[in-house]
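The same chain A turns up in both complexes below, where it pairs with chain B and then with chain C.
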Partner chain A sequence: MKTTSSKFITRRRLLTTVGTGAVLAASPFRINVVRADEPTIKVGFPTPLTGPYGTEAQDQVRAAQVAIAEFNDAGGLNGRKAELLVRDSKLNPGEAATRTLELIEKDKVNFVVGSLSASVQLAVNNITKERKIIFNSISQSDEINEAKDFSRYTFHEALNPHLTAGAVGRYVFPKFGKKVAFLTADYAYGHQMVRGFQEAGKAFGIQTVIDVRHPLGTSDFSTLLPRIQALKPDVLCISNFGRDQQISLKQATDFGLKKSMKIVAPILLYTGRLAAGAQAFDGVIGGTSYYWGIEDKVASAKVFNDRFRKMNDGKVPSDYGAMGYTGVKVVLEGAKAAGSLDPEKVIPAIEALKYDYYKGPEYYRKCDHQAVQSVLIIESKSKPEKGPADVFNVIATDEPSEKNLRTCAELGFKS
Partner chain B sequence: MAGLSLDLIAVQLFAGLALGAIYVLFAIGLSLIFGMLTVVNFAHGAFFMVGAYVGLFVLMMGGNFWLALVVVPLAVGIIGLIVERFLVRPLYGRGIDYPLLLTFGLSYIMVELIRIAFGKTGYPFDTPELLQGAVDIGIGYFPLYRLFVLGAATVVLLVLWLFLEKTSFGLIIRAGARDPQIVRVLGVDASRVWLVVFGIGTGIAGLAGVLAAPLQGVIPEMGSTILAEAFVVTVVGGMGSIGGAVVAGLLVGIVVSMTSLFAPEMAKVSIFALMAIVLLVRPQGFFGRAGLMS
Partner chain C sequence: MNDMSQMMADVPARSNSLFDVAVRHRAVLASLFLLIFPLIMPFKALAANILIYGLYALGFNLLFGFLGLLSFGHAALFGTGAYFCGIAIVHFGLPWYVAILIGTLGGAGMAAIIGALAIRTRGIYFAMVTMALAQCVYYLFYQAESWTGGENGLRGINVHVIDIFGLKFDFLDPLTRYYVIAAFVILALFALSRILASPFGAVIEAVRENEARARASGYNVLLTRLLTFILSGAFCGLAGALAALHLSIVPIEMLHYETSGMVVMMALLGGMGTFFGPFIGAAVFMLLENLVSLWTVHWQLIVGAVFVACVLFFPAGIWGTILRKIRP
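Presenting the complex of A and B:
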């Protein structure tokens, strides 16, 4: 009796299953059902969509979507597709931490990639390392490499101030002179950049004539510039970001500073140059992680740019945007190489990656998971030549080398 | 203090005065509207920003900076007239917080509309060719454009002063500010006076915006910092006093400039420190009439 009943139920179950299966196979909801059985790989992406870095953040999202699309088109992880869960961090560490916690607890993300601004990424990193979720940070910071903030779940795809300012300094100081003035946004980013310049400058015997610290969000630099002008430095390093950079470069131009000194920025932003115009940035030298124009020489850049253009009406990716692409691509490729989503397996897989996704060869240093990569030295053109996106000349490339990073021992790691 | 010379201090003082003139320009429309209408216009920064965008639009349409200087105050002034007629007017006589809240909300709407129309990213706004570069003013080099703004601010103030003090319409405006009841009894349509004052105030805000555009570029959020600065100037000078706004604006400029020389990281805070000190010693500001806010 028992056996027959169970057989009967089995048969009925089989019939219904087949029946619904047939219906679903024909319906547009099929994909969802497949997903329910085989959940997608979720990549949490907190980034400041609103606020002063909104332009960069939105570009990060666009580029990250390119990485997701590529991964899915290539069949995913044994057929498992990936999706991007974007959250607005509002450029606020508290907000970023809350959103990240939600992404982990509620949305059950497998990876976290993103963040912009040093303090925000440290807040995100605190959460992810506690929850043992892999986090790939795509914003500049020196602290994130240091032993006290680092965890084995922490990766840093972006450049860091030490590397960036160092590369720019090594290029600029021997060429333009030893008397250096600094105009610096008074917060971690600015301070770290100045430190980077000064450490790189030691080898060239530079002399700091003044370091003017200005409050974040300054809209008028006219009262800060006469002093710098009076000191007659050879080089003026302006270490600030976003709108501060645009306004300070514009007003420094108006004051005629470019006539008597070389103006240098650790990071020259592509979106900043578009917003401020050619006049303000003309002749300024700076560093960058990426400029789309390298596509003539770097094959991977061409492939990435073309994909990005195709998905974004012919626009080219910005520097910070492009890091959204590699940041996501690295964790997904890591998962593929590991054949698993288990962080304990993915971590060694990412550590072993030798990749060239968009700008030439890169790899993660073992001790601090910093991406060892090139820094491009760029100079802003006086006028775009080939279309409005043609704004910089790449004048040198600081090749990837661990020598340019602080040593593992300096960062507090025991070997 | 390396490199500190008399020349530098002189340049610094001058830079402070020039910056002060810009502050006066930012604040004068706010002060005018408050003094005559007792409306605290929280949308002042938004009108300033719209002025910059209207200027940008004129340039995009193929016009030049000089045309923008004419078009912008008119266009923004007309927007001001519409706002006064249909939004602010129904709130007269209801206490000072009603128009304050209204204009506060309006500023958000204006910023959002501009974001929709022009996008969230900023636009470059080049200095007009005639005014590019720096000139030697005897004590050092100073941007020509800033000298121009200094001149423009002086002209605006002079015209405004002549209008208020020397024309019969100005007389009515001043009388209306003192006692609207009597003015109405005398057969003058006070609401028309207020309409015009609001239009002039917002028009000057717009003009300030387009004058500021070559200094800092154009972005939807550009009004929020100047709103705070304009308030400080208005409060220090005395709410509603145009002469007070002038003195206070120049003083704020010099304070910022001197702080920038000795403790640049404190430059932003110094404005508010000055305001706090003035309010402690003289709660109504330099030339304010007591009781205007009640």
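Presenting the complex of A and C:
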């Protein structure tokens, strides 16, 4: 472009116009500009981009974009394309609720997918169910399945604590012994995990020797670990999350707990393992919803991983991230199957889905819309063999079965 | 600061300059502003949030700006109002207006308890004691899981229809919801304006300016403080109740000390001791947070820089500085 000497376009005016254009193009508001004649299908995605779970959240967004791209490449819903509207929930339920209101009232989204942390998803769920918008939650919680919080607009693609802890317990207790100690973060997540372990352990006659509770955000476990060590348990279940998990595993390794007992965590986070290093996690057994390494055996995982790698410079998706992909894919495929965006038509379509998008077969149970799926039992490697992302061995797979979930009656549903 | 707040609180001898008329009718003007406010906001839920946090800051400012006591435990009053309102609806199935009343009284009641324990201390000690007591309240609600939902927060405050005098309003409609909330906030604005213009309002400021002199003039300083704290609690409790109705949830984060810190920030940003300043503070605070976080995940950096700039260049707060400039 060349500045002309025309009277009508002065240099200042040109600069202003170009500058404004550039700012507009770079600003997030451009999302609101409708590109096609037909309005796009909007998927709202509140997730805690900032805060302690930022790494997971950003990975969720990347994976969700893969699902959107796939849907659009396949022609959308009769030509209607989809777009993702990401909002930062800041890991605060109040902020998440406000952002969800914004997505529904201002942006008029068709679906809401996302959230991380139990309280945030319950807040979002309360907003969406009141307004009859389908919400697919991709974070762990037991409550969201229960009749009190559930609505027919609620779907839960993530695992729940009962299922995860149960799967790990069923694998670990027969192999490593019946004397079990617990180290637990003192909040809902931790309590639910312990309950899950204990219920799964009943069948094997496990004996709880101690349940040590620590507050969230503990940085020093040195007073707690020797107490556990002195009781000589066979298995130590560490039910905490994020940084707490990294620190407690590190200190447990330093105290030499691994020599006398097997350390088990209900969820081993891929990002957590990368952050804390191989030594702290070495030999720890845990559960996960997804690990990229299953791509050798599961065809759909290979397809998903390759697409993710292509869009993200060869990186592999994390466990929580991958759920962003299925979460979005499920609602879009549901809309496709229903041939409509009307929630009343999409709900039965999603209920009828039998899908295998990234980890093997899944479907939603009718009564609580919980995704019935496999739980992978993984063990952390002492050192990566094939590149830095090669951190876990998948040692077993807890196959999908409704038997592993709490029954509909237990959840408060009347049949 | 001092002469300015006096100017806002006291009605000076009647004169007809535009500024004085505006000061006399500050509640009316503020209300008019609130009525057109949602139209200039990016989205209605944010406008309603600003309204609620503005009221919360207003209640806080009554204590901080007018009485001169810095409380670091106002989240306890705000949160108690929200939880009481929510519990009234979720566990007792009471109608919405009773719930709002219970929330307001809850805030006042909690203020009476905290105030009775903390009011004898001054300055930094008052800040520490209120903060410690607020943490006790936090854990109380955190542990009472069957009532409050604990960590998960209280859900299910589902009010769909606001019925008043035979009229029915759809509370799920964003604009209607805003105006219902605005109606309560406007009532509170008039109440606050009345309190500040009353003789009691003058005593509040007398205590702030010179405690010994106020005592020598025969005023009961301790009682004035306690009463102001309770009034402040009622405003904050009302704000909390409205927040519970607006978001249909009460997250435990509402009782967190960050919520206490936030209101101090809002009052300072807008201008402590001014009538409408806290509102401006809340609006700027929440708008910045919302708009910048849409644009970048490093929003805290930018918002922080703006705060530093405000503190450096507008020590009297945004509204306080504007008032100084336009004052004839």
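Assume the second predicted complex is superposed on the first by the 378 of 415 C-alpha atoms of A that agree within 3 Å, B and C clash if a C-alpha of one lies under 4 Å from a C-alpha of the other, contacts with A are read in each partner's own complex, and residues count from 1 in each chain.
The criterion applied here is as follows: contacts are C-beta pairs under 8 Å (C-beta built on N, C-alpha and C of every residue); 3 or more make two chains touch, one makes a residue touch a chain.
No experiment lies behind these values; they were computed from the predicted model shown.
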{"item": "Touched partner set for A:119, first chain B, second chain C, both or neither", "value": "second"}
{"item": "Chain B versus chain C as contact partner of A:404, first or second or both or neither", "value": "neither"}
{"item": "Partner chain in contact with A:209 - chain B first, chain C second, else both or neither", "value": "first"}
{"item": "Which of chain B and chain C A:54 touches, first, second, both or neither", "value": "both"}
{"item": "First, second, both or neither for A:246, with chain B first and chain C second", "value": "first"}
{"item": "Chain B versus chain C as contact partner of A:154, first or second or both or neither", "value": "neither"}
{"item": "Chain B versus chain C as contact partner of A:101, first or second or both or neither", "value": "second"}
{"item": "Touching both chain C and chain B, counted on chain A across the two superposed complexes", "value": "54"}
{"item": "Residues on chain B engaged by chain A in the complex (per definition of touch)", "value": "2-3, 5, 7-8, 11-12, 15-16, 18-19, 22, 120-127, 132-134, 140-143, 145-146, 215-217, 219, 221-222, 225-226, 256-257, 260-261, 264-269"}
{"item": "In the complex, chain A residues that touch chain B", "value": "52, 54-55, 186, 209-210, 212-215, 217-220, 222-224, 226-227, 229-231, 243, 246-247, 250-251, 254-256, 271, 274-280"}
{"item": "Residue ranges of chain C in contact with chain A within the complex", "value": "42-46, 49, 150-153, 155-156, 158, 160, 172, 174, 243, 247-249, 251-254, 293-295, 297, 299-300"}
{"item": "Residues of chain A defined as touching chain C within the complex", "value": "27-29, 49-50, 54, 58, 87-88, 90, 92-94, 97-98, 101-102, 105-106, 118-119, 122-123, 125-127, 130-131, 141, 143, 148-149, 187-189"}
